[in-house]
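I've put the structures underneath this note.
Both of the next two complexes hold subunit A, though its partner changes from subunit B to subunit C.
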Partner chain A sequence: MMRIVKSREFLVLALLVTMILAVSTVNKAVLYPITLINIVNSSLFLMLLTVGQMFVILTRGIDVSVGAIAGLSAVIFGFALNAGAPLPLAMLAALATGAVAGMVNGLGVVLIGVPPIIMTLSTLGIYRGLMRVLTGGSWIEQVPPSIKSLAVTRVYSVPVMVWVVLAVVIVTAVLMARIRAARWFYAVGDNRDGAFLLGINAAATEFAAYAFSGLFAGMAAVVFVAQIGFVPMQTGSGQELKAIAAVVLGGVSLMGGTGRIWSAVVGALFLTAVDSMMIFLKVPGSWNNAVAGAVLLSVVIADYLIRRSLRNRQAVARAAEMRGADGPTMRMTEARS
Partner chain B sequence: MLDASTRPAAVTLRDIWKVFDGVPVLRGIDFELRAGEVHALLGGNGSGKSTTVKIITGAYRPTEGRIEVMGKLASFARPSEAHARGIYMVPQEPQIFPSLSVLENLTMGLAGDAASNEARARALADEIGLSVDFAATGGSISIANQQLVEIVRGLMRNAKVLILDEPTSSLTRREVNSLALQMRALTARGIAILFISHRLDEVLEFSDRVSVLRDGSFVLSAPVAGLTPEGLIEAMLPSDLGQAGAARPARPALTGDSAPVLELRGLSGRAFRDVSLTLRPGEVVGLAGVVGSGRTELAEAIFGIDPEVTGEVWIGGQQVTARTPRRCMEMGLAYLPEDRHAHGIFLELPAAQTISASALALGQRALLSRRREEDFAQGFIGRLRIKLTSAQQVARTLSGGNQQKVVLAKALALNPRAVILDEPTRGIDASARQDVYRIIRELTDAGVGVLVISSEMAEIAQLADRVLVMKRGVLSRLGDGAQSLEQISAAAFDAPGRATDTQNPAVPS
Partner chain C sequence: MILPGWAKSWEFVLGCTLIAEIVILGLISPAFLNIENLLFSTSDFAHVILAAIGLTLVIITGGIDISGVSVMGLASIVLGLSFVAGAPIGLAVVIALATGVAAGGLNGLVVTSTDVNPLVITLATLFLFAGIATGLPTLLDLLGFKAYGAGGFEAYQYEGITGLPKSFTRLGTGAIGWVPFPLIITVAVTALASWLLWATRFGRYLTFIGTSAEVARYSGIPVRRTLIGVYAFNGLTAAIAGLVLTAYFTSARSDLGSEALLNIITAVVLGGTSIQGGSGSVLGTFLAGLVLGYLRQGLLALGITSDVVPVIIGGLLVGSVSLKILSGEFNRRRANRAAYRAGRLAEGNDRG
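Coming up: the complex of A and B.
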């Protein structure tokens, strides 16, 4: 129990609840169930990007191309639908686009050894450029209404998309807990040499992380198109930084090796909620980014200070123990005789 | 105890050669590690000890020769192939996943189902005496337990050969005692242990047999019975030590009343206790100590790199409190770090820019003059005989010896009155080494005080006017004129009863 309470996810979740309650003193509407459902609904796109990003960050990499991958996948999704492809096939095309785009990142990082930030920054440009080339720079507007109906369908008054993403997240979490190779993401990020010495295929693990990141960006694209009903050129633009921020906010270390699906989910929810709260407080939308950045910084600093004081206390205790036990009280030769 | 000679061989090396860039590091060694024995491997710096270990564990391939494991020919391209043949190395720094749980650390990378792996890990941990919370993170348990985690990892892989590299260097007395018991329990199961240590008393206490490497060949391989620390030291020392000792020219006696350029009074830090010493102008004080004795930590504490220190440091007759590297440099103290790549040189920049870096850092001028920098660097390039095509040559492309001279030039660019040189000749060739020795002599002739830290006892014996020995964080003094190589080595290698402790600080019990 204490472990859960002490975790970063709990800290962020508690902050989220506090923030919503605080805003409710100004504007009661924030506590209406429909409001809360809407917050979750509008966090789905970011949440999927964030879960994908988490795999990469676990292995001590970074993927700044996820927004562009989502954009490119959305374009392919729109093309497929407009070409008359059945919905499942169009979805598959979007997911495949995302996965392949992610694999390209993985190949560059693993096979050629390009630093992750450089590799994904380059593909960020390439994928965004490709989007423009494919569409000639114009929005894809006439997406069949069938896809839009996906987003408005509600089950138990919750949009079906929420249920679907929830299912994806839970399945991913269960697989992460159950599949042995899932631990490799942690091992490779925590101590790559150590993982290699134990016979773990570190290169394949890193490759898989980028592929998953792309795949989740593809899923995010499907959710996005369904929710807004067309594909604007800016799809996913700037979202890569938000995804990284959400991962960090949720407690995943950029140094690799720590983090859970949970962290990504909570981080994405929190960042989305901050945007919504601004609306309820009638703060102009132009403040959103500044406030989100300030919130991220304060949470990370607070967490760092808490952890440092914990660590210092442990170090002092350990040093005292060492000093007590390490006196040259007895030599080995004497101990034997 | 079983007769050692009747046990089957676990690992056999036959006529192994290893040549790097045309320089033989191993010259046709033969070696046998038998099942159920603890076999100590000894050797000084550059003896080929770590190369031998790397060949056994699959990190290096031998240039020539045969490796046999359990009587069968083996050839390893990478460490995991050695694992598959039952060879597991516990490195000096355990390869722990600090953020993962102890259980995950133990079972990571294993085949088989999780439940049976966990059951096996628990059983082996009980047997070995690893009693920690399996849910705790790997980074939160003590170094001793991290080492046990590594040993259990090896056993989970059915290791028949365990290589323990300096396993006792960061353990407390109590932990060393229990490790000794665990080693015995392992050999009773027929496991062969290759035990690497600098501590001769532990070697003699724990091992069945000892092999000593010197200059790439085995000079001794014998059962431990009948061996003495003195015999081991003699075997480890270079055969040409007579000439090395004689190379030191007779120097005029230093006047004891010249004011010290560097003085430490009761300095204590993380890895050393109550260190006092004085360094006078024109004097070379040698600080001998094996890896892990606390000598580098002492140097970093003096130079203000590690601020967690108590005691006083005086430079040029003034006490320096709130030390930072910058403050020390301003006071006239220069420091040559042990690891030149990590801390000494700008590898990707022209050599001239490393040489001028410390002078520029303290300089008053706001604007840089390329020509002045070049002239400044050229002065040192000539004086130190640095071999390069131009002062603008990128440091990465220089040889190790010339890189070291560049770093030395950077330290000397400040005209220091005292210099601390930490392992000044590590990894450089013989002629560069002679140049470094010459530079040290020139410095002392000019009245600079030099503190040389080295784990090469022959180097200390050759250079130093006075010798201090650091051992497990405590400094002991060898009497004047009593600095034969054997005496320095005996003190530094921790041979029981040999160190002439004249300074025995109070130690909290």
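Coming up: the complex of A and C.
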């Protein structure tokens, strides 16, 4: 229990609940179930990007191309639908586009050894350019209405999209916990050389992380097109930085090796909720980015201070132990651990 | 043929690339070779080079600062707001530059006070500064400041602030002879940063910290002060870039420069600065910025749509870095083989 309470996800979740409760004292409408459902619904796109991003960051990489991948996948999705492909096939095309785009990143990072930020920054430009080249720079306005029905259909008054994404997240979480190879992401991110010496295929693990990141970006594209009903050129633009911010906010360390799916989910929910809260507080939308940035900055600084004080306390406790201090100190350290 | 040392440097390669690029583009479209045209088209991308120069110094220390793109917009809107609030334009420029230094200093302060990755910190401040830039006009309204014209400050949020005095916009549109002011400013900042890097203790510290922050600290180097200084300098160059862009567009906007991140980092990396820190060159960044900028101009002149340009720039970035890595690998293998052969030879001699 203590472990959960001390975790970063819990800190951010508590902040999220506090924020919503605080806003509800000004505007009751925040607490209506429909409002909360809408917040979750509008966080789906970012959430999928964030979960994908998490895999890459776990391995100590970074993927700034996810927004562009989502844009490219959305365009392919739109093309496939307009070419008369059945919905499942079109979705598959979008997912495949995302996965392939992610694999290209993976190849550059693993095979050639290009630093992740350089590799994905390059593909950010390439994919976004490709997207414009493919469409000739114009929006795909005509998307069959069948796809839109996915977004408006509600089961138990919750959009079916939310259920689907929830299922994806839960399945991924279960797989992450059950499959042994899933731990390779952590091992490689924590200590690549050590993982290699243990017989883990570090290169394949990193490659898989980028492929997953692309795959999830492809899913995000499907959600986006379903929710909006057309493909604007700005699809996913700037979302890569939001996704990284959400991952970090949720407690995934950029140094690799720590973080869970829930970190990604909570981070994405929080960043989306901040935007919604601004609306309920009638703060002009122009402040959204400032608030998101300030929150991210304060959370990482607070996290650093907490970690430092924990470390100091542990060091003090250890020093006391070494001196052979008895009774009270020992008991106190036991109670803490 | 033995090349002199300077001819092997990356800057020399970039210089040759630049000349070759201009000649090739000139052969395809002769209008491109007009000197005046060549000089004046630098105004389109001077802001990228300016921001990249500050970033070069930061990356040399092993850090990174992606918030510069937001500082550009912030400096621009601060200048505009100070001006419409009644400050003389000179004072407004000083306030805007000071804002840039403060923004960069904040980055440096947080980077040195915590062990959090600079990418995360500057990602947070990227949002923070961009948000402040877009939100500032409404805040001034709330605080009850009075602006000229109807609609208060909020009206400036989307349409930008125009009507800046000639003495300021000359910095973006004017020229001395054939040399436009943005280019003069860029060259001056390049010279300043090169001097800082090569001729001052501060510059040497930067390389030292980038090679090993730990060793630098144990050697008694003021790591904290140096890092805060370099992030503040990056804030300053980003602010200068924002102001040059403002003068060039003759309009102060909060979203100026927000699209430039890919180009800025490409210029730094193509310029030969290692993203891992420890080595880098301001001149290289300047030349790489010119190569990239003219490439873009040339492609557009050739009738290639601007949509394809990021594809090519992205390809160039990953291509140049891959080439560097692969050639390094190749050289290492060759050195290994040579050493192995020399070893075999020595062994044979011993036996004989």
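The working rule: the second predicted complex is superposed on the first by the 318 of 337 C-alpha atoms of A that agree within 3 Å, B and C clash if a C-alpha of one lies under 4 Å from a C-alpha of the other, contacts with A are read in each partner's own complex, and residues count from 1 in each chain.
Convention: a residue touches a chain if its C-beta (ideal position, glycine included) is under 8 Å from a C-beta of that chain, and two chains touch if they have at least 3 such contacts.
Note that this is a predicted model, so its numbers are computed, not measured.
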item	value
Contacts of A:V248 with subunit B and subunit C, given as first, second, both or neither	second
Touching partner for A:S122 - first (subunit B), second (subunit C), both, neither	second
Subunit B versus subunit C as contact partner of A:V133, first or second or both or neither	second
Which of subunit B and subunit C A:G257 touches, first, second, both or neither	first
A:I301 touches, of subunit B and subunit C: first, second, both or neither?	second
Residues of subunit A contacting subunit B in one complex and subunit C in the other	none
Residue ranges of subunit B in contact with subunit A within the complex	79-80, 83, 95-100, 104, 108-109, 114, 140, 142, 153, 172-177, 180, 201-202, 205, 270, 472, 496, 507-509
Of all residues in subunit A, those that touch subunit B in their complex	180, 183-184, 186-187, 190-191, 193-200, 253, 257-258, 314, 318-319, 322-333, 335-336
Residues on subunit C engaged by subunit A in the complex (per definition of touch)	64, 110, 114-117, 119-121, 123-132, 134-135, 137-138, 154, 157, 261-262, 265-266, 269, 275-276, 305, 307-315, 317-318, 321-322, 325-326
Of all residues in subunit A, those that touch subunit C in their complex	62, 108, 112-115, 117-119, 121-126, 128-130, 132-133, 137, 241, 244-245, 248, 254-255, 284, 286-294, 296-297, 300-301, 303-304
